[in-house]
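Contents: one structure, followed by commentary.
Lettered A, B, C, D, E and F in written order, each chain numbered from 1.
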Amino acid sequence: MSAAVDPARGSASQAPIEYADASPEVRAVYDDIMATRKSDWVNNYWKVLAHHPPTLRRMWANAKEVMGPGALDALTKELIYLAVSVTNACRYCIASHGAAARNKGMTPEQHAELVAIIGLANETNRHAVALDLQIDDKFR
Amino acid sequence: MSAAVDPARGSASQAPIEYADASPEVRAVYDDIMATRKSDWVNNYWKVLAHHPPTLRRMWANAKEVMGPGALDALTKELIYLAVSVTNACRYCIASHGAAARNKGMTPEQHAELVAIIGLANETNRHAVALDLQIDDKFR
Amino acid sequence: MSAAVDPARGSASQAPIEYADASPEVRAVYDDIMATRKSDWVNNYWKVLAHHPPTLRRMWANAKEVMGPGALDALTKELIYLAVSVTNACRYCIASHGAAARNKGMTPEQHAELVAIIGLANETNRHAVALDLQIDDKFR
Amino acid sequence: MSAAVDPARGSASQAPIEYADASPEVRAVYDDIMATRKSDWVNNYWKVLAHHPPTLRRMWANAKEVMGPGALDALTKELIYLAVSVTNACRYCIASHGAAARNKGMTPEQHAELVAIIGLANETNRHAVALDLQIDDKFR
Amino acid sequence: MSAAVDPARGSASQAPIEYADASPEVRAVYDDIMATRKSDWVNNYWKVLAHHPPTLRRMWANAKEVMGPGALDALTKELIYLAVSVTNACRYCIASHGAAARNKGMTPEQHAELVAIIGLANETNRHAVALDLQIDDKFR
Amino acid sequence: MSAAVDPARGSASQAPIEYADASPEVRAVYDDIMATRKSDWVNNYWKVLAHHPPTLRRMWANAKEVMGPGALDALTKELIYLAVSVTNACRYCIASHGAAARNKGMTPEQHAELVAIIGLANETNRHAVALDLQIDDKFR
């Protein structure tokens, strides 16, 4: 009876749109995601974005370009993504990009080092701010 | 007249302690920093931490261990450090670790990709939170 | 047996105080919340704050003044609140202010645009920091 | 002498690329920014992104789509952008989107209310987290 | 000529309102700030908030109540305030509450320990998130 | 079948290593944690870090030094830790350090004041940033 439970009104928790229920426009994006990733499924991020097809299309174009082949290798890109996601405390993103990193070869030892660096950087970032450090001339 | 301008009382902006003015305990850390980095200078982070020698010693031990040789290469470690520092908006850390990354070979193209990934991750982190995404079973 | 499970000692997870169990002082605030909102219930935020009546009273006075009628319309105020809550990854606040926004007329299309803007701003914020952008004279 | 001061190596502080010095690819984006905004200049964000034309092109396409006409009016979009930028402490973005909001009609009274809401949301976000609030059934 | 430089339109950088130029309503708040603090001046936070007297009045009432005498001593309150301000990278707040803490007796040794704890907490917070730690039963 | 569910590959959710299953190196740290805390158990943070013994050893050395006896009393140290953890929305850390604070004597009234200060600081931090406050000369 409450507006909050009416999915037609933009609730924050929208059900993922499965391939079978998707419009041709949405299916085309799902197809490209699976083809690009050489995978047979699509994760919830895309299936929930699909409620707003222009955002689905736009974000996939961004992700494909930014995370695709370039000057940084695929695993390094995932480690950077994870470092941001941990700093922002995004559980979904840690789970999804953690899986992606493992699929691209991240070892337990590399994961442990990643976590240690993320922690250390978050620590020293605050030291630098607390102490109002002046940037060294050699860094300018 | 204000307590705030008395450097003896723990002002947030403390002057860096130069090598010439440092105690033997502090000099020993500076020496190890320079030897480890094969460098002839020490940056302000350490020279301001030096006001509290136990913290100087402790943090250098941490940095040396975490950022030293391991399962991730030196440049990748700096890129991860930068990703955290940008997400936290730490200007000093971006300047110092940006310089470190360039010294370890980061190219302008790699820097541009790093910035793009940091931005994209910060964007999709918020999408995931806003949409209260459920973690896919395959990621668990 | 552990101090952590003793609700009398300030556990972070305190049970909401229901109207029937509330003191007259607390009931007066609940009554004003319901009257102001033209609603017949009070949400958990207030019912947990009620463990410390001065904070309950103070925060309701703040919320009533800041979120009440003014130069910005009620829906815009909720969208701003949501933008902050998503950026801070506050699940409770996203749920409560998401419901409030829907009650004030937020459409699914508006919600989708809100999420897109929040994401984009979080992305470009990091670009600006990473690139150490100088503020244009025309913006000063 | 230090790598950090060599602009060719990806320094974080890159000079803006002015129109007169831009490649045809970059000029085409600048032209579209000015035409879309009915303005005769381009701000530093774009002129620094221009060091990496694919990012310049991509981000402008995103900004044009997300901030363009839609279900939310132009001023509301800027207020949401500002709420995120303040929460992230991005000085450049506060300056640039503050100017944009004023150009779209934000009054001093609306600005004061915006700041008050941003502050309140940041406050109550932490209350909700500190108290580990359970989401009310009516919000689900 | 740009809207951004017109102070009447809500620029983010507003000049502080000095006592001599303040309205009786604003002066009354300034007077109470100085009397409460046993000080002969008012800092910029209040003098800029004064552009919107309802916010000035409201925030002073909040600060006076929250930071006034209670179950935590005055110095401890300032240390908590500083811990938040450093974590949020708020330079103004670190400067103002750093001065307040020193005026309330914070020693350089206490300041060094404060900075160390802030750093450590920011580090372990990320470890906990990265490792998706389950809350121990004894903590519930 | 998915890499994500293979605990040997560095999944974010690793099972805690119990004392009975721990190596002598790990047991030595657990023993020191229990002896230092005069406790008969070890919490999950340490039992998950134990998958990477160098990090376990290093972090315990840090925590023991930073949180041990010094110029700030044990309860104040926990309150500072909590202020950071709440600001970062780290549920695990709020639970664990909340329990620690209660064990060190935090009263419900002190907890309520702590939460109020954390909220207020997060609010005024954003006011200061939004208004681009200049630091008062007396604070420099």
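Here are a few things to note about the model shown:
As a working rule, a residue touches a chain if its C-beta (ideal position, glycine included) is under 8 Å from a C-beta of that chain, and two chains touch if they have at least 3 such contacts.
The structure presented is a predicted model; accordingly, all values stated were derived computationally and were not measured.
The two sequence copies subunit B and subunit F touch through a face in which the numbers common to both exceed half of the numbers used overall. When the CA atoms of subunit A are superposed on subunit F, the rotation angle comes to 120 degrees (nearest 5). Counted by C-beta pairs in contact, the busier of E-F and C-E is E-F. Over half of the residue-numbered contact pairs at A-E are shared with one candidate from D-E, A-B or D-F, namely D-F. At the far end from subunit B, in terms of centres built from Cα atoms, lies C.
Chain geometry summary: the mean Cα position of subunit A and that of subunit C are 26 Å apart.
Look at where the CA atoms of subunit B average out and do the same for subunit C: the two points lie 34 Å apart. Multi-chain contact residues of subunit D, defined as those touching 2 or more other chains: 2, 4, 12-13, 58, 62, 66, 87-91, 94-95, 98-99, 107, 109-110, 112, 114-116, 118, 120, 122-127, 129-132, 138-140. Contact residues of subunit C toward subunit D in the complex are 12-14, 16, 41, 43-45, 48-49, 59, 62-63, 66-67, 70-72, 76-77, 79-81, 83-85, 87-88, 90-93, 95-99, 107, 109-110, 112-114, 116-118, 120-136, 138-140.
Residue ranges of subunit F in contact with subunit B, taken from their complex: 2, 4-5, 13, 54, 58, 62, 65-66, 138-140. For subunit B in complex with subunit E, the touching residues are 2-4, 6, 8-12, 51-52, 55, 58, 88-90. Listed in rising order, the residues of subunit B touching subunit D in the complex are 89, 94-95, 98-99, 102-103, 106-112, 115-116. Against subunit F, in their complex, subunit D makes its touches with residues 82, 86-87, 89, 91, 94-95, 114-115, 118-120, 122-127, 129-132.
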